[in-house]
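Contents: one structure, followed by commentary.
By written order: A, B, C, D and E. Residues from 1 in each chain.
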Amino acid sequence: MPISTETTEPGPTGPGSTSESGQKPPQSPASRQQKAVVRPGDRIFSAATLIAGILILVILAGVALFLLAQSKDTIAAQISDPSQITGGKGFFSYVWPLVIGTLISAAIALLVATPFALGIALFTTHMAPRRLAPMLGYVIDLLAAIPSVVYGLWGIALAGNLTGFYLWLSTWFGWIPIFAPGADGSVSQTGRTMLTASLVLSIMILPIITSLTREIFLQTPRLQEEAALALGATRWEMIRMAVLPFGKSGIVSATMLGLGRALGETMAVAMILSPGVLTASLVVSGNQTIASEIAQNFPEAAGLRLSELITVGLVLFVITLLVNMGARAIVARTSVKGS
Amino acid sequence: MSKQIDIKDLDIFYGDFRAVDGVEMQIKPRSVTAFIGPSGCGKSTVLRTLNRMHEVIPGASVSGEVLMDGTDIYGAGVDPVNVRREVGMVFQRANPFPTMSIKENVLAGVRLNNRRLSKTEADDLTERALRGANLWNEVKDRLNLPGSGLSGGQQQRLCIARAIAVEPEVLLMDEPCSALDPISTLAIEDLINDLKDKYTVVIVTHNMQQAARVSDKTAFFNIAGTGKPGKLIEFSETSTIFSNPDKEETENYISGRFG
Amino acid sequence: GGQSATGEEASGGNSDLQGTLTGIGASSQKAAMDAWTADFTSQNSGVTVNYSPDGSGAGREQFLAGNAQFAGSDAHLDDDEVKAGEEACGAEGAYEFPVYISPIAVTFNVKGVDELNLSPETMAKIFKGDITNWNDKAIKADNPDADLPDLKITAVHRADDSGTTENFAEYLKAAAEKDWDAEVDGNFPKEYGGEAAQGTDGVIQTVSDTDGAIGYADASAVGELSTAKVKVGDEFVELSPEAATKVVDASERVEGRSEGDLAFDLARDTTESGAYPIVLVSYHLVCSSYKDQETVDMVKAWEKFVVSEEGQKSAADSAGSAPLSDDLRKQIEEVIDSIKVEG
Amino acid sequence: MPISTETTEPGPTGPGSTSESGQKPPQSPASRQQKAVVRPGDRIFSAATLIAGILILVILAGVALFLLAQSKDTIAAQISDPSQITGGKGFFSYVWPLVIGTLISAAIALLVATPFALGIALFTTHMAPRRLAPMLGYVIDLLAAIPSVVYGLWGIALAGNLTGFYLWLSTWFGWIPIFAPGADGSVSQTGRTMLTASLVLSIMILPIITSLTREIFLQTPRLQEEAALALGATRWEMIRMAVLPFGKSGIVSATMLGLGRALGETMAVAMILSPGVLTASLVVSGNQTIASEIAQNFPEAAGLRLSELITVGLVLFVITLLVNMGARAIVARTSVKGS
Amino acid sequence: MSKQIDIKDLDIFYGDFRAVDGVEMQIKPRSVTAFIGPSGCGKSTVLRTLNRMHEVIPGASVSGEVLMDGTDIYGAGVDPVNVRREVGMVFQRANPFPTMSIKENVLAGVRLNNRRLSKTEADDLTERALRGANLWNEVKDRLNLPGSGLSGGQQQRLCIARAIAVEPEVLLMDEPCSALDPISTLAIEDLINDLKDKYTVVIVTHNMQQAARVSDKTAFFNIAGTGKPGKLIEFSETSTIFSNPDKEETENYISGRFG
């Protein structure tokens, strides 16, 4: 992968190795040194990107501090008297079902959306006729701009139509815990289940993943594609040999971005999901996500309750960080060494 | 195993631009054919039509026929994938897969053909192909490192190894020795000599001596001027072309009295 | 605080009711509803109560379309909806009755001022943007003893469509008609300007963050902010549950409705001593008849629990509402008792 | 730009030109034709991507139809009796301030976020030390996963701190209409203005734009970068010569995706903005966006009002489409011919 | 205008791998120096250290000194940008900017130096550089089309034109004629001959005849075996190297009796 940071780290066996750092021109006297004018563009650029980099850290720190500061009541309550916390059994027993719910919904959304998004991206870049491809691009961009409340409304309408499907699922695949019917032998009558919410989520993150991977796939070097084709690769084989390996890091990034959106999506889930206690089955009502819990409760929350909700937000923050780092670590481990 | 190629009235276009005009040629099986001519005259373009790689370029098209053992590869119902499985190619610019290791690069084409290879078969094949391309000694200790960490000439030889590993019936080579030192060049020429016992080889080269050394027949292309299409000027036995060409243009080019 | 998503496993039960009750409606009832469902299902372990806080409008609509067994609403049915109720629920139509009374506080944040008296006219002018400074003559007139600063008034209203706004505006329209010339609606009249904030929490937070701010919000959410006393008759009444209950008792029922329709025309302009007129009455809507006995039993048990002393207390604890008076409860219980099986 | 769709369109001057379409192998008799087995991978791939492409169109059509179907009451009302519509003056006078508000907030968010995002992307890809770059990547991904309700809460906290700045702006730059103080000579006391909402929006779309452009910039061909450096380009010049031209289409896509998010973001704007009538000044309270209008009113909406809100959503849909097509058309016009 | 280059005890690394070891060399101003040697011996690597392009590769580093007119370009406080403005380079693989037109490609370096060019100056310079690279006739009608639509040899010449347009004091050329036909090759050799009147030229080539034709001094690099570093074996007058080399290794390589 061509990664270019000009700043070199000294090679371990090159003791006297030098690296490019200083700014003064060589002291050769009678030459075109006057050409080496101060390059304001470069200075400004360095400064600007550095400032941007720092600012983003400041913003993140700001958000994190805000979350932490608002969480202190909850932490205090947790230490002094855990029964004050909603649910009465302390913060962790309150939060873990939410964590699980959030992870499940995000995982389903990702599992559904990623192959789909890659398919669409490949279709637009390598399969669709020249004229159709930009149209599909518009469609994707459009999907990205639909407000989550509209997705929510649409999801509610969709939910009603999914009950039959869920019944069918629970009849035939009820032995799989995630499709098991509820205690009374039936599935949700409203369709407002975790599965519906996750499916709508997957549509919401689809544009993000598609857009990013599409751009990356478009940039696959022609020479690589030609190399694969000339070996007698079919389109799919060419994509496997040249396009996907080239796009690997982009695919990971796209998935992470989609994951972020799925973890943090609020409105649509809050509108669609009929929340309840944690259950393994995804076709009965129940489960809840962190973002939706916050959205549904903060309008009426005050004092400790508000602090609790923000602490829950902090937990999401930490989860995201862990998931991200984990995912990237796994990807890094499976890459070709040295490439 | 080898194929005969008949090119009939081939015109080649990049969008509106007619790059090559009216090529007629018959390439015999089990022979080496060299394409020579000034830069930009359409050698690579013609070569790329022989395995339908030309049409991969957006807007590019051809008209005319290219018959392989009598079947027009541009005929209706011909899958270019099948054509390319039988016609291997080495590009003018070396293009190893940067994300694959050296060994994977060599085996890439073989893996495509769905052949199951045992570990030893794979190792044998890798060694054979890399030896053929005179690269084995230089890379035998780093077969699992990425192909992008090689020098220019090494990359070029890696691409040759990759192409011969699939044992195609026809092998097209676009300046395969351009980045090679004389020793590697000789090795590749030996390789070509071996290959022609079984396969049909077409090679583009700027090196007259090389053309004279390896080829049975030589095709000389030329271009009348900027914006004009390239044309096949003369196509005969290599000895004829270099000693006693039919056309004056050819003679001028061969003897360097051109332009 | 409401009930968490984790909930608690219902521990034991003492009835043999079985089934699921679905309700849709006002999100303002969510906190109370969480408390009610938790208590109710712990007593009736066979019953599941699902309540989607989709909003009053959605609740009424879905209920009238037969998609829910009951609805929660911050406003009573209008005449068209009553007719629709006759189609959805049989000849007797839909029953509606208050399930709790929620006082609306006028809350303010002015440094150095802890108590504030406001007449309806002054209040209207402030929220309308006619009075823009705390040292305005009109405010001084109501508060001769207060040390009012020279400070810009930031009047904060709800940005979203809400029952709180509707009831607040209704009060101003009734008590200060001259000054409040906008149509009453769940949306605060845009032309009056002022600051807007989303939700009760938004209003409270904005008021507490802004020196010189005044807003209106559900009393339960006010927390440490000061609340204004409101002029009723000749006295200034402080907000309290009892004072809020009083105004409902002083109100007339909406004319021309059936026996079972306990909709009230709140007496916003009451002069009854000790009544606090800025209240929101939250209703439940049920059908006068249901298809089967099981549902009838469930609905009856559920709604009786909601209006019972126990139910009202847990709503007061969790949602800060004012309880129903015993008098009103009796009337409601009669209505609930008359729910029957279709036919 | 290396775009590779193998399907060629016949060149206009090549009359008998052929294109790769059929699937049958050449009929040469005694050769390794048996190798040309049916390639199930390829079949499946073609079918799968095609289905994905179609499904996305179906989903979009589903959303569009949903919006249209729900809009019919409003359209009927608009035709029969416009005074029924909220505001009493018909649908268009109701919707246009919302459209303007939406466009303004999205435009500010984009204007702030895009240079910022490009700066961060360039910083991580071409400036930051090797070790720091992935860290910044995590930060960006984290920002993407913060739920909008948390951004909303944070924005409210931020708003309170911006009043001083707004006062300063209106004092010194009050002659510019967008910074003009209100009728009573003062700015918003709460800071909950369009400018605050737009700034928070810009932070919300930052991760999207950054992630996408970062991935593209990472893929700049080494050879191009080396070509620029060898000519004596400074880093900034190298970026201008090699990185930005290569990433152009990616930058546009990223911006479009960010724009989509900004246009559609609901919760945060609804929480932060103190909506009101349309005003030119961005430092007094007022203005409203489409998504926030929908979110704030739909919980209590029913019948015609609900239909109105969904029609407003439809308007957003159309706006997005137009903005998108416009932007891409402009970009296409300014590109080097034939590249 | 021209510079003298003194290379002192230069070791070059790719990460841990020592690619080239202990190079000592003195390149005179106004001369042409040729680097020859088998593929993978480190010619490109050494060349790239002369304008600090080597360090652009992740993990790459050098130790030792490269003095240009006495100043160590790897000294503290030296800005590699300034080094590269004075030391032009033509890469082994042609790399025109694909998004720029042919003309913009030629002018890219000049524009960097902040020189304001009038339209006519720009046109003149473009023509001069393209003529120098023997490309003018082929592209004069399509100066505004992208540089990526050229044939392999045309792209290579375009890169040469781009490098000479800035008139660098030192010009490094890595196999500049590898994709060129004999005529273009001769033209480039003429160009090199012209350039050496003013500048210092270093060229990597696999073509012995070319080295013999154009260079004043020749450096022969070799590599002992796989994984070993490349070494400078001999550096003398070209005539000496080709007629009467000091080392047997050199003689073997020159006469093709190697490997």
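The rule is short, and it goes like this: a residue touches a chain if its C-beta (ideal position, glycine included) is under 8 Å from a C-beta of that chain, and two chains touch if they have at least 3 such contacts.
Chains and their UniProt names: A, D = Phosphate transport system permease protein; B, E = Phosphate ABC transporter ATP-binding protein, PhoT family.
Note that this is a predicted model, so its numbers are computed, not measured.
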Intersection of contact partners for chain B and chain D: A, E
Far-end chain from chain B, centres as C-alpha averages: C
Higher-contact pair (C-beta pairs counted), D-E versus C-D: C-D
Mean-CA-position distance for chain E and chain C (Å): 84
Whole-Å separation of chain centres (CA-atom averages), chain A against chain C: 40
Chain B and chain E, separation of their C-alpha mean positions in angstrom: 28
Centre distance in Å when chain A and chain D are each reduced to the mean of their C-alpha atoms: 16
Sites on chain A at which at least two other chains make contact: 1, 3-6, 9, 130, 221, 225, 229, 234, 237, 246, 298
Contacts with 2+ other chains: residues of chain E: 14, 56, 58, 81-82, 85-86, 93, 113, 149
Of all residues in chain C, the ones touching two or more other chains: 27, 53-54, 198-199, 202
Partner chain D, residues of chain C touching it in the complex: 27, 53-58, 60-61, 74, 132, 152, 154, 156, 159-163, 186-187, 190-191, 193-199, 202, 205-206, 209-213
Residue ranges of chain B in contact with chain A within the complex: 51, 53, 56, 58, 81-82, 84-86, 88-89, 91, 93, 95-101, 108-109, 112-113, 144-146, 148-149, 159, 162-163, 166
Partner chain C, residues of chain D touching it in the complex: 86, 156, 160, 184, 186, 188-190, 192, 270-271, 273-277, 285-286, 295-303, 305-306
Chain B contact footprint on chain E (complex, rising order): 14, 36-40, 44-45, 92-94, 137-141, 149-154, 157, 174-175, 178-186, 206, 208, 225-227, 253, 256, 258-259
Residue ranges of chain A touching chain D (in the complex, touch as defined): 1-7, 9, 39, 41-42, 44-46, 48-53, 55-57, 59-60, 62-63, 66-67, 70, 115-116, 119-120, 122-130, 133-134, 136-150, 153-154, 157, 203, 206-208, 210-212, 214-216, 218-222, 225, 229, 234-237, 239, 246, 249-250, 253-254, 256-257, 259-261, 263-267, 290-291, 294-295, 298, 310, 313, 316-317, 320-321, 324-325, 328
